[in-house]
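Structure, as structure tokens:
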Amino acid sequence: MTELGVVRRKVKRAERAAVEALGRYGVATVHEAMGRVGLMKPYMRPIYPGALISGTAVTVLLHPGDNWMMHVAAEQIELGDIVVAAITADCTDGYFGDLLGASFLARGAKGLIIDAGVRDVKTLTEMGFPVWSKCVSAKGTVKSTLGSVNIPVVCAGALVNPGDAIVADDDGVVVVPAGWAMKTADAAAAREANEGDKRSKLAAGVLGLDMYKMREPLAKAGLKYID
Amino acid sequence: MTELGVVRRKVKRAERAAVEALGRYGVATVHEAMGRVGLMKPYMRPIYPGALISGTAVTVLLHPGDNWMMHVAAEQIELGDIVVAAITADCTDGYFGDLLGASFLARGAKGLIIDAGVRDVKTLTEMGFPVWSKCVSAKGTVKSTLGSVNIPVVCAGALVNPGDAIVADDDGVVVVPAGWAMKTADAAAAREANEGDKRSKLAAGVLGLDMYKMREPLAKAGLKYID
Amino acid sequence: MTELGVVRRKVKRAERAAVEALGRYGVATVHEAMGRVGLMKPYMRPIYPGALISGTAVTVLLHPGDNWMMHVAAEQIELGDIVVAAITADCTDGYFGDLLGASFLARGAKGLIIDAGVRDVKTLTEMGFPVWSKCVSAKGTVKSTLGSVNIPVVCAGALVNPGDAIVADDDGVVVVPAGWAMKTADAAAAREANEGDKRSKLAAGVLGLDMYKMREPLAKAGLKYID
Amino acid sequence: MTELGVVRRKVKRAERAAVEALGRYGVATVHEAMGRVGLMKPYMRPIYPGALISGTAVTVLLHPGDNWMMHVAAEQIELGDIVVAAITADCTDGYFGDLLGASFLARGAKGLIIDAGVRDVKTLTEMGFPVWSKCVSAKGTVKSTLGSVNIPVVCAGALVNPGDAIVADDDGVVVVPAGWAMKTADAAAAREANEGDKRSKLAAGVLGLDMYKMREPLAKAGLKYID
Amino acid sequence: MTELGVVRRKVKRAERAAVEALGRYGVATVHEAMGRVGLMKPYMRPIYPGALISGTAVTVLLHPGDNWMMHVAAEQIELGDIVVAAITADCTDGYFGDLLGASFLARGAKGLIIDAGVRDVKTLTEMGFPVWSKCVSAKGTVKSTLGSVNIPVVCAGALVNPGDAIVADDDGVVVVPAGWAMKTADAAAAREANEGDKRSKLAAGVLGLDMYKMREPLAKAGLKYID
Amino acid sequence: MTELGVVRRKVKRAERAAVEALGRYGVATVHEAMGRVGLMKPYMRPIYPGALISGTAVTVLLHPGDNWMMHVAAEQIELGDIVVAAITADCTDGYFGDLLGASFLARGAKGLIIDAGVRDVKTLTEMGFPVWSKCVSAKGTVKSTLGSVNIPVVCAGALVNPGDAIVADDDGVVVVPAGWAMKTADAAAAREANEGDKRSKLAAGVLGLDMYKMREPLAKAGLKYID
């Protein structure tokens, strides 16, 4: 439930081993392993290509044009966390730059997911601090209204509870509920193992039509070939 | 005409020589040579910069959230083809990833143009398989409803007939009707030859105002200079 | 005031020293130094990452699908200028490509800011001519209707007067009125000096909560910590 | 094929009886009867609610910010036609107002479908001349560049050939190829007849689950009920 | 947690008295009474103006282009419910029309909130069945993939649990967690009582500056009046 | 120039007679009479159809999510003013509702133009207080950061100086600089007089092709008629 003006200090985080395991697979594989749910909207893009991170969510709810709670969130970061920032209404302001980046990095954060704007992207890239955001904007913010830290938030269309496992890469951002992390990692592993073999076959020219035995169901559905 | 549940196997493709010739010019030049038509919407962006491809269209029409026909399309690919995927309604799902990429590559495809999402973009980039898409999304799809392969489709605002020549680069994607391919290649060549000379003059400081003899028509149109 | 069919030749440009000084800071810092105003909309993106330019504005007002005045603007460019192009209505056409790029570069322009599309982005990148635009589009334009050069324009939500200082980098584009350039450069310098120390502290693990003395105002505002 | 500078005067229009028959059903029914294709994008909205029209397409291709060809199109209108206007690139300008409305009405047009803006909407509403458009905009246009009349166009994502049947109402706009008009009208009639009975049952509280016999396939697909 | 293929039959609904009380206030008042949280995105618009409904949520999660679960949801409707439909990815298809409208109405539903498209809006308006949706689209859907009914969903950016109180009017849609319904209704009542007096004063020409005693804090914040 | 924390009390308003005269013509006519400039973006829509207002601008610059300055603006309203509200960055929050509506009405305002959201639209409609806005949103705002009143602002893409004449109707919103008001009203009158005759001719079936003598220039431009 969304309550404002609250900071939850004790958060049950997804198991470290599970989170690390999830980090071995891409977002696409984890999302499939989850049963195709938990994905943030595709407008969430990384500020630089090639990053792949997994971690546990410290959530923060902010108001349009106000990044005060980012500093409150910084204190709640533990090693291996990813900060997930939601806004109470659509906003493109640049809530986060290189100063907060230095702070989050020092606290042990692996990255930031924010449903708004970010700035100082060149410096953040040089620092190797990855951010997935709705946009890039130099627009600064004020510090005057309370939001909350470590409450459930909706970020880019996905529900995130504090402690949930987050995986982010060039394909986007997926949220794995803390209680599902281990079984999802297992499912992802199984999927990945399975995919290697498929990839070789397809790369050798075998058609998915044959490999997945689709010809019969397609014909049954009424597919007609014409010349 | 849009018919569902149909795969056309025999497609008259644009002449290979013309398609290869078109590939020597950028999209901007080909689009101008076409008379400024045939361009897809500018939201179509490449998953990595620097690619320039030309090929003949294998078209596929899919439903929102359903990539079943991608596998049917794979079988229709011939060496030098580019798959052009349209959806019956707006959708951002990731219809295509590294497995289908391996399959398309093995079949001889030069790239994919899709008016929806794509995933596994890091792997596709490493494989050197270029994709122009509306967005990047890890969101997977089901395989349950028939679309069609090699029928006329509207992709990102442009009509594409199977066999049409497609040129794609960092500036976007242009469609050249098969019957126009050779004369468009010729027009592009003429244009390009012409542009080299213009470029040198402009780079030497000659103004377009003088080179294109615009001063008189501008004055006639009423342009006033004030100090 | 917006008048069509007019070219102003004599423009009072922001002081060169101030403009160069502004170029030492990023857009984010200058925007803060301005008091958080003057920023263009975040949809304005560079065609390649890493560029940072500052210069004085030559403004141009164009019509949808018509780039005639770009050539008129070229003649008004002085060494160190940045061309700022506004359109009388939303348009995604590619008003600018490598030929105009060669011309602008020869005239001494440092870059282009355009609230529309640009093309030949690969060549422009190779030439090192940076452009910030709303989109990339190969779509060509006609040359038939008069706009104006060096009149006040609204570009991507920001008012730009001819001669204003412009700073652009990966974070976006900011406009500094000519009369404010020096004091803004000074304010940016002060800000930057101040930030270095803050950055070190934050990188060493000091919290913004403590460094900015936020704990008391947060408590006063009613922030509650729960376990 | 898209050719500029051309007006086709002789157009084979869809049969009048079929077009009138299509006008008895809503867009939703016709679209279903077509096999769920041929629909324009949902951003196409009527300027006033409650209109339902059917007619044959006079197509016109225009350039951004230029409505010259609207006047050329006016002459090609026959009684019962609907003008379908496409633009070579995205544009929000107001290409059409009360003067052209008076002209089109006098020529026998039943309405206008335009993938751009329209103005004088209050007067057009009072005149009872319905328009489906992308937006409303007072922005005027120039008259200086040739487009074409009665060539195939892509309007709001749908291919429209001159003479095709168009049906438009509060649900949007659907295009029925001229050659399909009669069989589509028949399919729509069958569908409508069928729906009346279904509607009564559903209104009486019968569930779709039972009426459509969905319980078994749902169970087979694995649906689980929990308390 | 998002689980697919599940229908929860027993849902603890918000107290009827509280839900009815909430229905006496507009969405704006309830949203303020909630502490300014729980609002859906402003793109959610009613298909006709003037409706104001309150009810308890039956949630349904659907896939892009697939409305199968709508029929499953119908069976779970109790008198006074509002169906809240979320999609696993962005989709504009018309999931709901007059047939389902007749069914939902017969089951006792007060309206539908759907983060996608709706069709037959003219008939639904005549039936007096209000719908808040992302868009209007005649595009039909298939019935082939399982979603879920009465699980927590994210609809238009807001978390909705089955049984939550929903209030919708011309200003949008707000979600009140079931456990908060009564106290929110009380807070709304207090707010409303308070507003009547304020409205009279403001309508009599008293300034908010004086009524809210803002002059001093504004001066303290540094506001300067100049002539 | 954009300065924060400032209220200008003495504003030179456009002449009352000119403003009233402008109010006799629609936005489309005034925009044409202005030379096709000064129009706000077409996303600005009225909360109810049919209103046509003209007045003089009281401008206000606000921050995302903060409507404090609305109350400051209220005091600066004189009889016949229209408040024009700009935000320092994109925001959809509901800055204005029925309480402020009552206040503005009491102060003599004719309407509100706001590049953000508005709420209580049903009540505002009943009060007959017209608002043109980017969207409707129940989302409330805080009151904590200074903006400015009666400084130049950019609202929905148009520059507005305090005292400028504003005309708004179903076609949108146009800004007429105070110094241009009278001559624009005269030009609009001339245009309107001229249009009546044209309208009659067109309504009688005369073609624009003939009335505007377009056949020759079209032929010269190369238009070809084919059968």
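We just call them A, B, C, D, E and F in the order they show up, numbering each chain from 1.
Note that contacts are C-beta pairs under 8 Å (C-beta built on N, C-alpha and C of every residue); 3 or more make two chains touch, one makes a residue touch a chain.
Quantities reported herein were computed from a predicted structural model and do not represent experimental measurements.
Among the remaining chains, those touching chain B and also chain C are A, D. Listed options B-C, A-F or B-E contain a single repeat of the D-E interface, assigned here to B-C, on the basis that more than half of the contact pairs agree by residue number.
In this structure chain C contacts its sequence twin chain D using mostly the same residue numbers, the overlap exceeding half. Measuring from the averaged C-alpha position of chain A to that of chain E gives a distance of 27 Å.
Rounded to whole angstrom units, the spacing between the C-alpha centres of chain D and chain F is 31. For chain E, the set of residues touching two or more other chains reads 36, 39, 88-90, 92, 137, 139, 145.
Listed by chain label, the pairs that touch are A-B, A-C, A-E, A-F, B-C, B-D, B-E, C-D, C-F, D-E, D-F, E-F.
The touching residues of chain F, counted against chain A in their complex, run 63-66, 88-93, 137, 139, 142, 144-145.
Remark: chain A residues 5-10, 68, 70-72, 74-75, 92, 94, 97-100, 102-103, 105-107, 117, 119-123, 135-140, 143, 145-146 touch chain C in the complex. Within the complex formed with chain E, the chain D residues making contact are 26-28, 31-32, 36, 39, 42-43, 45, 49-50, 169-172, 174, 195, 198-199, 202-205, 207-209, 212, 214, 218, 221-227. Interface of chain C with chain F (complex): residues 1-4, 35-39, 41, 88-90, 152, 154, 157-159, 177, 179-180.
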